[in-house]
Each structure stands twice: as C-alpha cells, then as structure tokens.
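Shared between the two complexes below is chain A, which pairs with chain B and chain C, respectively.
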Partner chain A sequence: MLRIARDMILACLVAAAAVPASAQERSAIKPGFVLPPDTARILLFRPSITVGAQSTAGLFEPNADWTAQAREALGASLREAEAHLGHTVIDYAAPDGADAAALAEYHALFDTVAAAVIEFQFFPGNRLPTKKRKDQFDWGLGPEVGTLPGLGGADYALFVTTEDAFGSTGRKVLQLFAALARVSVVSGVHKGFAGLVDLHSGELVWLNADLQMGGDVRTPEGARKRVRELLAGFPGKPADTPVAAADANRAR
Partner chain B sequence: MCRLIVPLLAAALCAAPVQAARETLPLPPFTTAYQPTTVDERGLWMEADEDERRMRDAPEVIRDPALNAYAREVLCRTVGPARCAAIRLYIVRIPMFNATTYANGMMTLWSGALLRLHSEAELAAMFGHEFSHFELRHTLTGFQRRRSGSDLLAWAGLLGAGGIALPTMVVGGFYRFSRAQEAAADMLGFRYLTAAGYVVTAPADLWTRVMAEQDATEIGRYRKPNQRYVAGFFDTHPTELTRATYLRAAAAQIGGGGVDEAARFRAAIAPWLPRLLGDQIKRNDFGGSEYLLNQLAVDGWTTPLLFARGELYRERGNPRDLSAAAGFYREAIAHGDAPAEAYRGLGLALLRSGQVEAGKAALRDYLARRADAGDAAMIATLIAG
Partner chain C sequence: MMTTRLPNRLPRHLLLVVALAAAVPAGASNRLIAAGGRVSIARTPLTVTPASEWNRLGARPGRNAEVWTLDGDTLNALTFYAAIGEGKTLFRQADRREHPLPPVNRTMLLTDIPTLLENSYRSALGVATMTIDHVEPTPFAGAGGVHFSYSFVRPEEAIHVRGEGFGTLRDGKLYLITYEAPALYYFERSAAAARQVAESARLD
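So, the complex of A and B:
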C-alpha cells in the first residue's frame, strides 16, 4: 500500500514539464581503457526488462505479454550482437542459496552505481565535486565482485537494463489536448542502460545510459535497434556498420 | 460504494444464526492454482514475480528451516492446505510489526511481528488477514482505483475543472478505498481464524497491545499518546482502535472456545528471541521496548529478557539506568545460562558507574569466555587503562 504515496507523487507531477534530456550525457568510458578485440571473456547477467503502458495520468501499467515479447526479442538481438562484439560472451548461470544472495547484492549495487553515474556525472549541472575533472570516470563495485561464484574465469560482466512504458491511447489524447493548451505532456518512457564491469578490479569501465531510447522492444526489429543503441560505443567493438550509425538518429 | 464493504461483511457475519458456543463462518469459494487472465492482473503478477526473484535471494530473509517450517505450518492450518499452496512465505528480518502480501501470492512476515505476537492464534490472525488480501485480489483493485482516479485528476487538471474539491475527493478516495480493503481483509481473516479453531479474540488482543506499545513509545519520548477512532485523510489502514473494536465485536458474536497454542508459539520463537530482542533494542525506543519486555516477562524474567533489559537500560545510560542495568545483568548471570555479552554489559555499566575494579573484573570474565570477540582488543584497552 506504500505504492499509493509513490503513485500520488507521480500523478501530481503529470502536468510538470519533462526534464530536458538533451542536457544529459549518454555514455562514458574509463579514461585509458582499451579492450583489445578477441581477448576478453564477458559474462552477460540476466537483463532487467520491464515493459508496460503509461496510463492517462502517467501511472506505469505493467504488461506481462509485452515484457515476455521484449525478453525474447532483446535476448535474440543480444545474442546476435554478441557475435559481432568480437569477444566471447557467456550467459551467467545464476547460482543458488547463499551465492544467489551475494549475486543479488551485486546486481542491486550495480543498479545503484549506474543510477548515481547517470544522476551525478552524466548530468553536468548536477556533477559531484569529485567528478568534475574533465575526462574523469571513476566508479566501481569494489574488487570483491571477482569473488562471486560461477564467474568461470570471466574478465568482464555486462549488465543490461531497459524500462519501457508505451503511452496509452488516453495518454496520447491527453497529450494532444495539453498541447493545445501549450502544456507539455510526455507520452511514453523508454529508458535503458548497459554497463561493463571489470571483474578483476571491480571498476565500472563503460556505461551507456539513455533516457529516450529508440526501438520498439516488443518486435524483433525494434529490439535489434534497441540493442544497437544500448551497445553503441562499446569499448573494443569493431566499427559500427553504416546502417547502425544511420539508425542511431532516433525515429521517435 | 467501497465503504459499503465493511458493513456488508459485518452484516453477513451477524446474520449467520448463532448455534452452539462456537460456529464456523462460511468461507468464499477458492480456485486452486489461480492464474491471472486480464492484462492488468497479469502485469501486476509479472511485477510481483520480479520482486519475488529479488526477495528469494535477499540477504534479509531468515532462512532458518525450523522457523520457516513452523510459520508455514501455522499458515496452512489457518487457511487450509489448498489455499496455502498458493503462497510463498518469506520471513524478513525487519524489527517492525508488519506483514505484506503481493499480487502473485508472495507473502512476507517481518521479524518484529514475531516479537510482538503472544500466541499461534495471533500469528494465524495475521496470516488470515494477509491471505485475504491475496484472495480478494486487493493489489489489482487498488491499482485500478488509483489509475482511474489519477486519470480523472489529469483531465480535470488540464481542463482547469473541479477546483480544490475534486482532487480532495479523489485523493481522499484512494485512501478510503485502501482502508476499506484493510477492513475487508480483517473480516475475512477473522473467518479463517474461526474456521481453523483458534481463539477468536486473538486479533483484537493483538491490536490492543499494539496500541499500548505505541502509547508507551510516545510516553517514553515525552509525547502525548494519541489513539484515535477516526482515521486521518492519508491513512492507508483503519486506526488500531477501530480495528480492535470491530474485531472484538466480531469475536463476541462467535463466543468462546478455540485454542491459542501460546506455549507452542513460544517454543518455536525461543531460538530467535535473543536476536529479535537485540534488533528491537537498537530501535532507540525505550518506552516501547520496555513495554514489550514486560509483556514477554509475564511468566517470569528469563535470561534473554534480563540481558535485553540490561542492554536497553545501559543504552539509555542515565546513572540510574546504569545501576539498574548492572542489576539485570547480574540477575541474568545468576541464572547460569547468560551469554558472554552479559559480562561485557555488566563490566561497561559498572565502569561508567565508577565501580572500576568490579567493572574490570567483569570485562575480564567476558574476554575469558569470548577471547575471539570482535571487540576483544577494545575491551582489553579498558581493562589495561
């Protein structure tokens, strides 16, 4: 029932204008970090995928079918993309018992660190004093991440998270009427981020986050586009094909 | 309309003919292995499934097989084997009085509840209430209610209609709806409690003690106790006083009889009692903790209770508290089965009371018993100094 409070706040913010996402940086790589091709073993953790609709007032309406479709489509696209990354990518087999608890803590820690990077580094106006130096990217999960069970000698861990809320018909109609009244109402939320963690040092070596991603993750083509955007700028990746570069201009 | 649910349920309850000393109230039909079908409900189950993936691996979950088996047994006894098969129960180490239910049948029981319950019947009352949230699909109806209400507000806000009255009405409606759900869960939970053959005054007794603890907390913090009958605008639950009152009235309709299984409950909790007490002491709630300790000590002060009381008084740390704490530690030690930490507490309390030699002797006793203690080096400096 605690959700009521959260949703109320959301509802109250409905009319508020959208945060200008253009001020946000989208990607960062640890200075001096180079991932030589064909050498690294990368573990892919279970992607966190949520897909739903956005109600007229902006409440998130989870949709099980869309999420299942997205999980399948994104999974296929990720496997496809892995083949082109130039590295060995392995799906992480989740452990049981106490090991699972340790893994869950690291997953939560990664989400927290990634959220901190997005808030306190990617948004220049909000940058922490210790993160202000140019070309600085100094974040990590601690070296103990390498002691997680089942890593199997992997060098890096890849985390992928996407969150999509498609504007409902009601939301779009509201947006239209709001536009007539010159009030900005955003329809749809399409966020995603991907990060690479060095399992030997625990450092976050690359993070790509975008609060306005393209690609309808429910469809195979859309998921392919989303994965391209998520992995754009992946260190040590062979140069993007021209098609991918053209797609980076989002359609939305 | 939602406000009708409570009177309707209450009416249904009262309308049943009173037969012997105790009757069994009819339970609603139940479909085993229920699967959600609508878009909304399937979405909420999916969200809850993701939450449960995290909960399954969460470090705060108590994995003790014996405690979990006991709690599950009480749950199944309360709602019946068919219904309890739909529930996964997680006992979470949070020192507050609460339990939660998710759309998909995940249920959490907070460790603070175990400290506050006095009998299996009271645990059954909590489980009955929580299971009713699941059975009545409250997550779904609550979500739909919030969505329709917020949609209305979004349009009204855009059109500049409704002024201040409409948002007040709609927002007040969310909370009123939530309170009606809680009351409905209370009443259906009460039926489970009755059907399972437990003492039916258990939930009313429980809420009465919760109120007393809140009052003790307030008094301990030099504030005025404030039990109300009427719920506030933003309250998600009916007030404790309301709940105790209607549950007491319902119990009076049923009559006496039933088992409370208090001894069985105490035996099941006993291995965890020292840890539950330790968590409670850390809440910095002298009045509430003292009330709980006194409640637990109705049949005499056992060693864990005395040790916890010593810690509680030593933490507050007035000179008179230190003197009282030393007394509690000594009593605990006299029982013969006190933890080594009782000697540490005694030593520290005596040191700070100016009884240096006696204090150092107690600390030496502590180190003799727990040479590998994490604070051994620090305690050693106190002895040397």
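So, the complex of A and C:
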C-alpha cells in the first residue's frame, strides 16, 4: 500500500513537472545484451496482480473481485503471448516444500527495483548522477536468485507485476476541478512492470515499466492490450504486428 | 533483543509519503557526492569523508537530515540526522496531532537512540514489527557513541530490511547515521561503503 501511495505521488510529480511524454522513458535493456530468438529457456514467475479503486483522497482500496477477474484475464493473455515471445517460456512451478516466503520476497524485491528504476533512472528530472553515465543500466536482484529451488537449469526469469487503482467518481471530479485551478491531480494508477533477470548473474537485463499503462485488466481485450504493452520490445521477440503497435501507441 | 508489535494504518503511510513529496523543494535535484572529499552534512558541524561515490537525494526527510543512496532510497539509504536539538524530531511531523513523533530530549542516554529511531518509525512509517538486534558502545564522530543493528518489514511490501545505526549526543544534540537496505542482496552489497562513511564522521 505504501508502494502504491508512493507511485501515486511519483505519478503526480511526473505530471506536475510537465515533462513531455517522450522524455519519460519506459523501457531499458542492459547495454550489449542480445538474446537471439529461440536460444534461451525462460521461467515465468507467477505474476503479481492487484486491482482496486482510488478514493477521492487518493488512497488505494483493494477489490478482490476485480483482482480475480484481472488474474484470469491476464493469465490467459500471458499464455497467448508466451507462444510468440520467440523463446521457450515455462511457467515456474515451485517444488513441494519450497520456501514460499523466499519466492515472494524475490518478487517483492523485483517490484522495488523496478520502481526505483522508474523513479531514479527513467524519470530524467530525478535521475541519480551515478546512473546518468552513458549506456548504463546497472540493476539487479543479486546472484543468489539463481539458487531458488525448481529453476531446472533455466537461463532467465521473467517477472510480471500489475497494480491498478481505478479512480473513483469523486477522484475524477476532484481531477476536473483541480484542472480548472491549473493543479495537476492524477486519477488512477495503472502500473505494469515486466522484467527479465539473468539467473546466472542476477542482473536485470531488460525492463519495461510504467505507472500509467493502458488496458482495463479486468476484461479479456484490456488484458491483451496490457500484456502487449508489458512485453513490447522483449529481447529476441519477433516484431509486433502493425495492429498491436498501433494499440500500444493509442494507449500512451 | 527487543521486539514490538505496532499498529499499521494506511493513512499514516500516505501522510508520510505526501510529507516527503512536499519536502522536495522546487528545483531540488540529486547531487553526486564524489569520493575522497570532506562533506558537510545539512550545514551542520557533522562532516564525513566517503571513500566511494554516492548520490545525495534532493528530497530530505527533515531540516537537519539528508539521504545518500546508490540505487534509490528503497534499495540503499544512508541517512544522516545532524544536530537534532531538544524538542526536535528525526523527520518532519506529517500529522502532529494523530501521530506525534518522539522528540530528542536533553536527558537522553546513548542507549535511548535506538528506541528513538524505533518509535519514530512506528509513528511515521507504520512499521508493524521492528527488532533492535544488537547494541554496543562504539567511538563515533570523535566521541563515545552507540552502534546498533536492527531489522523490520517494510509495510505491505513483504520486504525485509536490515539496518545499522551509529549515533552520539553532543551538547544535548543528536547525531545519527543509519544505513538501511533490503536484506536480500542489497544490504551486504553496500554495507562496507556505508560503514566507512559512518566511521569517517567528525564533529568540528
């Protein structure tokens, strides 16, 4: 919840800074990283999916029904997309007796790293000086991630997280009045992170992350759109069809 | 070992986040802290000499505080609280009436410093469980001080955070340096660099 609140504040800061949309980066790949098609075995960790409402005051209120709808719709869309990523993608199944808390902690760490990349690298006005150096993308989960049980010799782990807070009617009214007063108020947060982690080094080699992604994840068509945005530019993936690319552009 | 179960309420989290966001002055930006130079902390007598590069965040948790980091304050945060005087708090008070922060008191002992930090986190961050793992006397900033380690779970994120603190009291004012990072990978990755900064502290 704190993370969502922080994201909301960051979204407000980004909006208030009036940064041109083109200046806000949404994707990065580790310099020099190349993944030729069909050369890697990738494990998809169970996606973290949360859906709720954003109250007038901006607080996140989780909604179990919406979350269940999103989990089903996004799950189906991810299964469709896996077949077109250009690599062997297998859903990660933790072996019996595996430390579920350790798995959850690694996913939480991925979320924290992705949020830090947005805040301190993708947002140019807030970039850390040590992250400004040319061709630098130095983030990771640490080499110990490769010791998780049940990885079965996989080369990479794909982490996916979505968190959606739909603006309530009150929030939208507040946004309208705030706009009249020339004050920026963000209604709704639609966060999506997809990241590829090298299981041998623990390095984050590719990340797609945005606090305002498109697609209503509660519906099948919205979930497909979200998954297309999440996996856009995936290393080694065959080029998206023109229709998919147009959808991605409209979502911005 | 001290373990305290503490309440966890969402509004406090948002209040603190709003307070931190509001603490960003217009135009405040993150600055590079170069290796090898002597650096004054928040225009106070506290100085440190880092042996490696850090980034100083433009956003500050309090008037006499600043945060250095390598990858962002959620992944590694070296926080300085300098010359916090009688009646002052570690962070800005986001909600003085409902969630007051404990103030520094002239009668404080060195061993009260870990408790002050713990109680401040309880009130400001809504930390549900925090453990002070180890407390020992240590020289700090040219005087007697306290070194302690602690851990807590960041609310709602399932992230276990480890921390270390180095503190002292001089003329009734508190000087404290803390280093915090996720227990997974990040804490050990930068712990030596953080300790080096703390051990270089001087009060002129």
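Following the convention adopted for this analysis, the second predicted complex is superposed on the first by the 214 of 252 C-alpha atoms of A that agree within 3 Å, B and C clash if a C-alpha of one lies under 4 Å from a C-alpha of the other, contacts with A are read in each partner's own complex, and residues count from 1 in each chain.
Just so we're on the same page, a residue touches a chain if its C-beta (ideal position, glycine included) is under 8 Å from a C-beta of that chain, and two chains touch if they have at least 3 such contacts.
Computed from a predicted model, the values in this text were never measured in an experiment.
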First (chain B), second (chain C), both or neither touched by A:Leu141: second
First (chain B), second (chain C), both or neither touched by A:Thr50: first
Partner chain(s) touched by A:Ala100 [first = chain B, second = chain C, both, neither]: first
Partner chain(s) touched by A:Asp65 [first = chain B, second = chain C, both, neither]: first
Chain B versus chain C as contact partner of A:Ala178, first or second or both or neither: first
Which superposed partner A:Gly170 touches (first chain B, second chain C, both, neither): first
First, second, both or neither for A:Ala115, with chain B first and chain C second: second
Residues of chain A contacting chain B in one complex and chain C in the other: 1-3, 57-59, 101, 104-105, 108
Complex contact set, residues of chain A against chain C: 1-3, 5-6, 9, 12-13, 57-60, 101, 104-106, 108-109, 111-113, 115-116, 119-120, 125-131, 139-142, 144, 202
Of all residues in chain B, those that touch chain A in their complex: 39-40, 42-47, 50, 54, 56-59, 142, 146-147, 150-151, 153-155, 157-158, 171, 174-175, 178, 236-237
Contact set on chain A toward chain B in their complex: 1-4, 7-8, 10-11, 14-15, 50, 52, 55-59, 61-65, 67, 100-101, 103-105, 108, 170, 174, 177-178, 181, 183
Sites on chain C touched by chain A in the complex: 10-11, 13-14, 17-18, 20-21, 24, 29-32, 53-55, 58, 69-72, 74-75, 125-126, 154-160, 182, 184-186, 189
